[in-house]
Structures are given as C-alpha cells and as structure tokens.
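Multiple structures are listed underneath, in structure tokens.
Each of the next two complexes has chain A plus one other chain: chain B in the first, chain C in the second.
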Partner chain A sequence: MLAYLIRRILVNIPLLIGITFIVFMLASMMPGDAVLAMISTDTPVSDEMIKMRRGELGLDLPLPVQYLRWMSNVVRGNLGYSFVSAESVSQMIAIRIPATLELMGVSLLISIVLGVTLGAISALKQYSFTDYSFTIFGFVGISIPDFFLGLILVFIFAIKLGWFPTSGFQTAGQEFSVFDNLRHVFLPALALALVRTAVFMRYTRSSILEVLGNDYVRTARAKGLKETIVIVRHIMRNGLIPVITIIGISLGVLFAGSVIIETIFQWPGIGMMFINAVTGRDSPVIMGYVLLTAVIVLVANLVTDIVYSVADPRIRYE
Partner chain B sequence: MSQLLQIKNLKVTFRSDGALIRAVNGISYSVDEGESIAIVGESGSGKSVGVMALMGLIPNPPGKIESGEVFFKGRDLLKASSAELRAIRGKEIAMVFQDPMTSLNPVLPVGLQLTEAIQAHMGLDKDQARERAIKMLALTGLPNPEQRIKDFPFQFSGGQRQRIMIAMALVCTPDLLIADEPTTALDVTIQAQIVELMRELQSELGMAIIWISHNLGLVAGVVTRVIVMYSGFIVEQAPVDDLYERPLHPYTLGLLHAVPHVDVNSQNRLASIEGMPPDLRKPISGCPFAPRCPYRIEKCAELPPLFDAGDGRQSACWRWQELQTATTFGETL
Partner chain C sequence: MATSIASTETKTAPATQLGTVRPEGLWSKAGRRFLRHKLAMFGLAVMAILLLSAIAAPVLTPHSPIQQDLRNLRKPPSAQHLLGTDGLGRDILTRVLYGGRISLSVGLVSVTIAAVIGIIVGIIAGYYGGKTDMVLMRATDMVMTFPSLVIMITIAAALGPSIFNAMLIIGFLTWPAIARLVRGQFLTLRTQQFALAARSIGVSNWEIAFKHIFPNTISFITVAITFGVATAILMEASLSFLGLGVQAPTPSWGNMLRDAQGMNILEDMPWIWLPPGILIALAVLSINFIGDGLRDALDPRSYL
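And now, the complex of A and B:
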C-alpha cells in the first residue's frame, strides 16, 4: 500500500510540471501584460518607463526562461510576489483559502447528503411518483448554470424573503460569529451544490438499481434480515462504491466552479483573487492559483483511490 | 412422519411489457419433515418461482401470487405479515442458491454474512455468533474456518463458496432447506462433493430438503420423491425409483432419454425433446406438452387433471394407464 502511494505521488510530479507549463504559456498569450494593465489611460506613461518596469518584473525575458525562474522558486517553496500589490502569493493564498474551503466543504456536504439520499430513495422506489419527481429535479439541476441559480436564490431568499444576506462573509461591523458566517455561506454553497446534487443523485440511483438485481441481495433477504439491514449493509454498501469516484472527480470542478460563485456573492475566497489576477495580468498570482488547483485535483484523485480501496476489498487485495 | 409443508393450488404470474406470464399454474404438493424431494424441469418450467413464492421472495411488481395456500407447520405463509415471514426466512426455511459466485456479498467478510443471520434469529451476542459460524463452516468441511472467517468471498474457490452458502443456510438449523440448483455453477467433481455434503448434513441435522434441479441424474441418489414440472404445471410426481423405472408422463420419458450415458461405442446423438416449451404469455388450453408429444391424441386438446395413479404416484397425462400397462415402454403406444 505504501509503495503504491509513493509511486502514485511520484507519477503526479511530471503531471504538475506539464500542467503549469501549459497554463504559463497560455497566460502569456493573453493580450497585454501586467505593466499595461497597471497604466491608466488618463496619465500617459513613457515607453521608457514601461520598458523599465517590464525589466524589473522579468517580463522581457524569453518565456521558457520566465517559466524556469518561476519553477525554480516554486521548488524552493516560494510562489513569488504579486506584480500588482507586491504581496507574497503564498500569503495571499493562505489568507483566502479558508473561506474557499469552507464554501466548498459546505457545498459538498449539501450535495453528498442530498444527492445520495434522493438517489437512494429514487432507486428503492423505482418508477414511483417520487422517483419521477426526483428525476425531473435532477434534470433541472444539471441544466441550470450555477451562477444563474445563485442570482435566483439571492432574489428569492435574500431580497424577497430576507432570510439570508445577499453577499459577503459576515455581517459588516459585527463581531465574527459562526452562526452569522453560516447564514452567509448558505446561499452560495447551495447554488454551488445543486449541479453536483443532481449528478450524485443520478449516479446513486443507477448504481443502486444495478445492485438491487444482484443475487446477494436476494440472499440477504432469504436470511430473514431486517429490511433496513438489507438496504444499508447490502444495497447501499455496494451501491455507493462507484459514487465515491464521482465525488472525487467533482472536487476539482467544484474548486473551479467556486470562482464564479465567489464573485457573485462577494465571497472573500481564492476565486475572487483569481479573477482579479486575470484582469490585472498578475501572472505570479495566476500561476499560484493554477498550481494550487492542480495539486488539489491530484490529491483528490489520490484520496479517491485510497477511499475506494478501503471500501472495496477486491481492489485492496490486488 | 408429519407434514411440514403443504402447497395448494399455487398460481404465480409475472407482468412483463404488458404481457402476463403464467409462471406457475396452480401447483400442489407437500413435503414431510426430514424428507427430501426433487423438483425437476427445464428452464422456465416454474420450478424456482414456485419455491421463491413460498419464501416471499417474488418481487412484486412484476411478480404476483394470484392464488393458493402455502401451509408451513400449519401456518399459511401467503397470509403472513412481512415481519412474520422474515422471522421464518433463514430460521425455519433457508435457501442455497445456484451461483455461489454472485450469491455472496462481495464486499463483506464471509464471517459477517454468517453471523448476521445468526444474530437476526438466535439472539446470540457477537462472540457466540462467531463461534457458531466457525462451527458451521467446519461442519461443511471448509478448511481452517477460524482464520478464513475474516476473508472475503473472492478469496475462495467456487466449491468453497458453495460450502459457505450451505453453512449460511444451515446456521440456524432450519426445518426446510431449499436448494435451488446448488451445483449447476460448479465443476462436475465439485458437484458430487457438494451433493454428498448436503446428504451428510441432512442425516446429521435432520432437515427436509427440496432440491430444485434440471439434472435428473444428480438428484436420483439423494431424494425419495420427484416432482416433474413443465411450463408451470406439475406433470408427474412419483417415488424416485418408480419414476426412473416407469415414467407415467411422456415428458418425463423425454427427460430420462436426455440424460447422457457413458457408452464408448455409442454413435448416437444425445436424445432431445423436439420443439420448444409453450409461450407462457399465451393461455394454455390443452395439455401443455401436447405440441411436442409423440403420443398425442385428440383428447390432449383438453387440459388433463393430475391423475392419482396409486402408490403415491400422480400423472397429468390422459394416457397414463396405457403407459403403466405397456410392456415395452413407448413402442407399444
């Protein structure tokens, strides 16, 4: 198991290099650069000045050299400094990541609990009215873009009903309280959760339906076990194994999806930082964000594999 | 010996794509305590569905028990609540299924799959249940049960898995064991071992066994009575030796001819029954076997009742008396 883990981690290293290199090149292809983004059209700046500033930031070097400089710093644990604010990128990420992780965590929790429960009920009551209603809900959920849903939620629950705040991390001017913070996270988390709820629901449903027809479910019933034991121990235990993979895969998408939702809800997370960095052509921040995303996705895949092998002994013993 | 199970006029249908499939068409039979009988027939003859119905294991929908009574120790199982049925399943009536590869839960250790049945019925604590599971596995001849109880199904061979299935079925010492083609998925040598094992366990534990099989040769040595089913009907019932010696139904005769014999000089093709079983989606008016029967007469357009042929024999053939008195079987008809 340990050897397997080490091998998996080592395999990810060239992958990380490849991902960051490609993104670095793409980011450099965007029109304009950090220096041009800083200039206001009202006050003209001489070409000399621009050239000087570019030289300071290292933007005049060939791209591969720029990349290698960035990489050699990363290896030493230095993600560089923002072109715009001169803040340390790792510092910027460290400040904002807790808010993003909170949003992701709450959203993931909502979608797993809702998705798996609804999917299981749907499967166990196949072709019933409940099943059809859930299926329609799932279809709608997959079809609505999350930013649009976010706006609808704000309109209904924040503006019309006034149950939740429209945006932000906590009520301004108040001392931080967990309850207040949870009220703020609820709407963006829900908006972010809907698509995944629908996806988890559909996977859970089909996976459990597949398990239902298995001989060992009949065996469990023939043993005279209570229906709850049959469902939990024999049906769910087997039916949820494939769902683990889907949840794992969705983590990366969730991280990326939070960018838009954070912007809509003024959530002070890493997504907003990234949007600002892109408009400012702040490539150290962009690259810091990309590296973080890549690491999160790769770690999520690794964790998924581990959880999978714990859940399924047939994988574990191979 | 007193009667353990009595089935009266059991009818089971399935609904599939709008069509009504008559899987079991009013069968009646009984099993005494400690007796072992066989129900034989080809695929789709309703032999499995008939016993699943008495276990309450027919999924509804699409399956439906149309009518009938199933008395087990005097109680009608078809009128029992699901909680009452659950208390009987696994405890008083247990089942061994056809395919041991798929009938065990792949992600649970086999020990748990045994102890959960024990704990559901016997009120033992974890350690006692574990002890009992080990004892039962040892009884079925599984080597090293104390260690292997922690293993998962995929770590066992097919024969071992069927031993585990048998241990699981017998763990609460049921009065009736239903063995639904327990050897079909196994190698021939393992088949013989499993049959032998079940015979030993029966003499040790004293339960009644219903063998469901399509293999007349396999059950011949282990049962006292055979019920032959065809397209949802019982067509013949007889003590095992009488059935082999002198079948009273052309279908049974066909089945017996279809049992391959070891004969090095034989150049003959394996005998088979011409034609196909009737489409169960259509109502059957006459004798269900008539279209394939070489001894068909006009009378066969009418559904024959199950005639009592004496000596504990029954046949659903209009010509059973002729079959009984014919000197050289078949040829004189």
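And now, the complex of A and C:
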C-alpha cells in the first residue's frame, strides 16, 4: 500500500511539471504584460522607459529562464501579483476560496444525496415506471447546460416566486447570518448539482444492479433477513463503492462548472475571480487559478484512489 | 429404408438452405436493434428536424439574422416575429435557426478533430504498448487533468475568441477520451488469435492495425463520437455564453443566451433567452438518446 502510494505520488510529479509548463506557455501567449499593465494611459511613457522596466522585471529574458524564475517563486508559494490590482495572487485566492468551497460542498451534498437515493430506487425497481422516469430525468440532467438551468432557476424561484435572492453571497447592508448566506447559496448550488445528480444516479443504478445478482444477496434473503437489512447492509454497502470513484473524479468538473455559475450568481469565489481576470487579461491571476485547479484535481484523484482502496479491501495494489 | 432416406433428406434440405442464405451480419443486426430503441428514434427525429431547419434557414425565414431593426426592439412574439425580437430588433426565430447552423457545425467539426487525434494516438499507444504507450498515456492524462472548461477559457483568452478557435480548442481538449477507448480496445485485441494469426502469416504491422484490429473498434468509436458531439455542443455554448466563443453579430445558441445576463431581459423578456437555451438542451438530449441507442445496439455484450 505504502509503496503504491509513493509510486502514485511520484507519477504525478512529471505530470505537474508538464502542467506548469503549459500554463506558463499559455500565459506568455497572452497579450499584455506587467509593465504595460502598470502604465496608466493618461500619462505617456517613452518606449525607453518601458524597456527599462521590462529589464528590471526580467521580462526581456529568454522564455526558459523566465519559466525557471516563475517556477522558483511558485514552489515558494508566490504566484505573482495581479496586473490590475497589484494584490498578491495567493492572497486573492486565499480570500475567495472559502466561498467556492462552500458552493461546491453544498452542491456536492445535494447531488450525492439526491443522486444516490434516486439511483438506488431506480435499481431496486428496475424496469418500473419510476425507473424509466428517473432514467429520462437523468438524460435531461446531463443535457441542460448548467448556466441555462441557473437562469431558469433564477427566473422561477428568485424573480417570479421571490423565494430566494437572485445573486450574491449575502444580503447587502445586512449583518452576516448563516441563514441568509444559505438562502443565497441554494440556487447556484442547485444549478451546479443537477448534472452531477444525473451522473451519480446513473452510476449508482448500474453499480447496484450489478450487486443485486450476486450470490451473497440471495443468501441474505434466503436466510430470512429483513429486506431493509439486505438492502442497507448487503446491497448498498457493496453497490456504493464504485460510486466513490465517480464522486472523486467529478471534483474537477465541479470546479469548472462553478466558474460559470459563480459568474451568473455573482458568487464571490475564485471562479468569478478567474472570469474577471480573463476579461481583464490579468495573466498572473489566470495562471494562479489554472495551476491551483490542476493541482486540486490531481490531489482529488489521488485521494479518491486511496479512499477506494480503504473502502474496498478486495483491492490490493502490489 | 426408403423412409429413413426421405427423412434425412428433409432434415438436410433446410440446412443447405441456411447455408446459401447469408447469416445476418453484425451491422444489420445492430441496425434492427437501433430502430427498436424508442428514445433513439425520438432523438433521431428531433435531430433531423433541427438539422434540416438549420440548413434550410434562408428559405424558412424572410428575416436576416444580423440586420438590425431599430424600430422593432424587444418586441414580444407576434404574427410577424413568431418568437419576438431581441435587443437590436433582430428576429429571434431567425437567429435561432442560423444559430443552429453555427452550434451544430462547431459540434461536428470539433468532434472530427478530436476523433482523428484520439484514434491515431489510441492506435499507436495500444498497438505498440510499452514505452510509447506510457509516454502517450501520460500526455493524455495531462490533458485530462485540466478541468476542460477552465483550460478552454484560458486558451480562448490567449488565442483570441473566434468560431475557428472554439472548434480547435474543443477538438484538442476532448480527444483523450477517444484515445483511451481505442487504446484499451487495441491492447486487448492485439493479443487475440485473429491478430496473432495475421502476424504469423507475415502481415505487416500497419495492415494488422488498420485492416484487422481497427474495424473491431469502430462500434465503440461510433458511440464515443456521438456522445462527443453532445459534449462539444455544450462546450461551445458555455464558451460563447462567456463571450469567448462565437462572436457577435454571428448568432450561436450559446452567445444568444448572453442577453439573459441583463436583469431586465431575464426578468421581463423570456422570449429572448428561452428559445436558444431550450434548443441547446433539446439538441444535446436528442444526441444523447441516439448515443444510448447506438450503445445498446452495438455493444456485443448485450447480444443474447
């Protein structure tokens, strides 16, 4: 197990270096640089001056050297400074990441509870009307773009019915309260959760169907156990193991989805920060965000593998 | 004695008949299974309507998708404008039809790009195995590690947004799924007897890969490509919605939804933003249904 773990981590290192390289190349392709960003358009600055400032910041060095300089900062936790606000990128991310994690957490909770429940019902009543309607719902779920769903939710529940606020993190001018915040997070989390719900549902269904045919399920029934005990202890326990993987993999997708949803709902997380940075060509912020999401996805995959092997003792890594 | 001969004759007769009639092939069997799949038929019908109306857009509507009409701003649906007009007086129905051309072609072109790259990488990795496989699969992992929308937005920002860049970006980011599928198939198939038999009589590597193994993977690739079109349409919609895909004034279903970012349009003029959104969902849903039907029809494991 330990050897597997170490190998698994080592494999990620070249992957990570490759990713930093791609991120750096992309950023260097973007128009604008730190010096141009610092110059205000009102006061004209001579080309000489620009050249000198570029030299001071090392922007005239060859790209490989610039890459190494950037990397040596990154490993020390310094992601550079925003062209727009001159804030430290690590600081900007640190301030905004709790909001994103809250949104993702609530959304993941909704989709796991809903998806696993619906999937289990669907499997236990295979080929029934309920099963068919859930399957169709699953298809609809993966087919509606999450941002369109977000717009519809705002239109119905915020504008027409007025049950929830249309956007934001909390009611402006009011003191922060958990209840108020949860009312704000509900619609964006729901919009983000639907696709995941559909995916989790389909995996749970097929995974449980596979377990249903096993001998130990028949044995459990044959020895006269109550159906609820058979379902909970024998079917669910085994049927839900593969679902762990799909939940782990979905973290990356959830991150990507939160970019658009945060923008629509003006949710002050790192997704909205990223979109604003893209609009403002703020490449240090873009680089920081992309790097962070890539690392999070790598770590999430690793953790998923480990949790999977703990949950299913049959899996042994040699 | 005579009766026994007669009986063997009657027994062999149908057998020889069976021998002359060709047994039903994989594809015709799959075709029949596909035609029985109700959801897939529904999807096929909807997609046919969407494709035909997108192609016939200039015939179906007298309006221009781009020409502004400042006297008819934000008009609700009427006899003249069946779905109303947008913020610049353009007919929504017209824009939705022309938008379909753009959105569907971005979907098809980017999937083609993804399929070509994915198939080539998959074949090379799966057929040669070993170090080649390892290097190619690490590259595949790398592309897959990035949350695709995030990296797409970044590349679109670096290259500048345009319809061609959208096609390229989506194509270049979605090939790993196909590559992995083809590789997996090749890894299992290349050690099977028909491949070994071909090798033993001296068939070249290239011919084994393309003539013997590749045809066996086509059914899987077809399914993957179908679902790929659905994904690509969704990705184009997301990119264009953020203003990083198809650029105004060219309509695409995604960039038409941008209008809904204005509160007053979202609140009071649902005819402007509902149609493109519904069409995206309908198109993607239909393609997913078709893909599901194809999977059921082509998956050899489901033959009983």
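Note that in this section the second predicted complex is superposed on the first by the 275 of 318 C-alpha atoms of A that agree within 3 Å, B and C clash if a C-alpha of one lies under 4 Å from a C-alpha of the other, contacts with A are read in each partner's own complex, and residues count from 1 in each chain.
Throughout what follows, contacts are C-beta pairs under 8 Å (C-beta built on N, C-alpha and C of every residue); 3 or more make two chains touch, one makes a residue touch a chain.
Predicted model, so just to flag it, every value in this text is computed and none were measured.
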Clash or fit (per the criteria above) of chain B with chain C on chain A: fit
Chain B versus chain C as contact partner of A:L151, first or second or both or neither: second
Touched partner set for A:N214, first chain B, second chain C, both or neither: first
Partner chain in contact with A:A222 - chain B first, chain C second, else both or neither: first
First (chain B), second (chain C), both or neither touched by A:R205: neither
Apex chain A: angle to the C-alpha centres of chain B and chain C, given in degrees as a multiple of 10: 70
Touching partner for A:R196 - first (chain B), second (chain C), both, neither: neither
First, second, both or neither for A:A311, with chain B first and chain C second: first
Touching partner for A:R96 - first (chain B), second (chain C), both, neither: neither
Chain B or chain C, by number of chain A residues touched: C
Partner chain(s) touched by A:R53 [first = chain B, second = chain C, both, neither]: neither
After superposition on chain A, the shortest CA separation from chain B to chain C (Å): 11
Common interface positions of chain A, toward chain B and toward chain C: none
Complex contacts: residues of chain C adjacent to chain A: 39, 138, 141-142, 145-151, 153-155, 157-159, 230, 234, 237-238, 241-242, 244, 254, 257, 260-261, 263, 266-267, 270, 273, 277, 280-281, 284-285, 288-289, 292
Contact set on chain A toward chain B in their complex: 214-216, 218-226, 229, 233-234, 237-238, 241, 311-314, 317
Contacting residues of chain A [partner chain C, same complex]: 14-15, 18-19, 22-23, 26-27, 29-30, 136, 139-140, 142-145, 147-148, 151-152, 154-155, 159, 166, 252-253, 255-257, 259-260, 263-264, 274-275, 278, 281, 286, 289-290, 293-294, 297-298, 301
Contact set on chain B toward chain A in their complex: 55, 57, 86-91, 94-95, 97, 99, 102-109, 116-117, 120-121, 152, 154-155, 165, 168
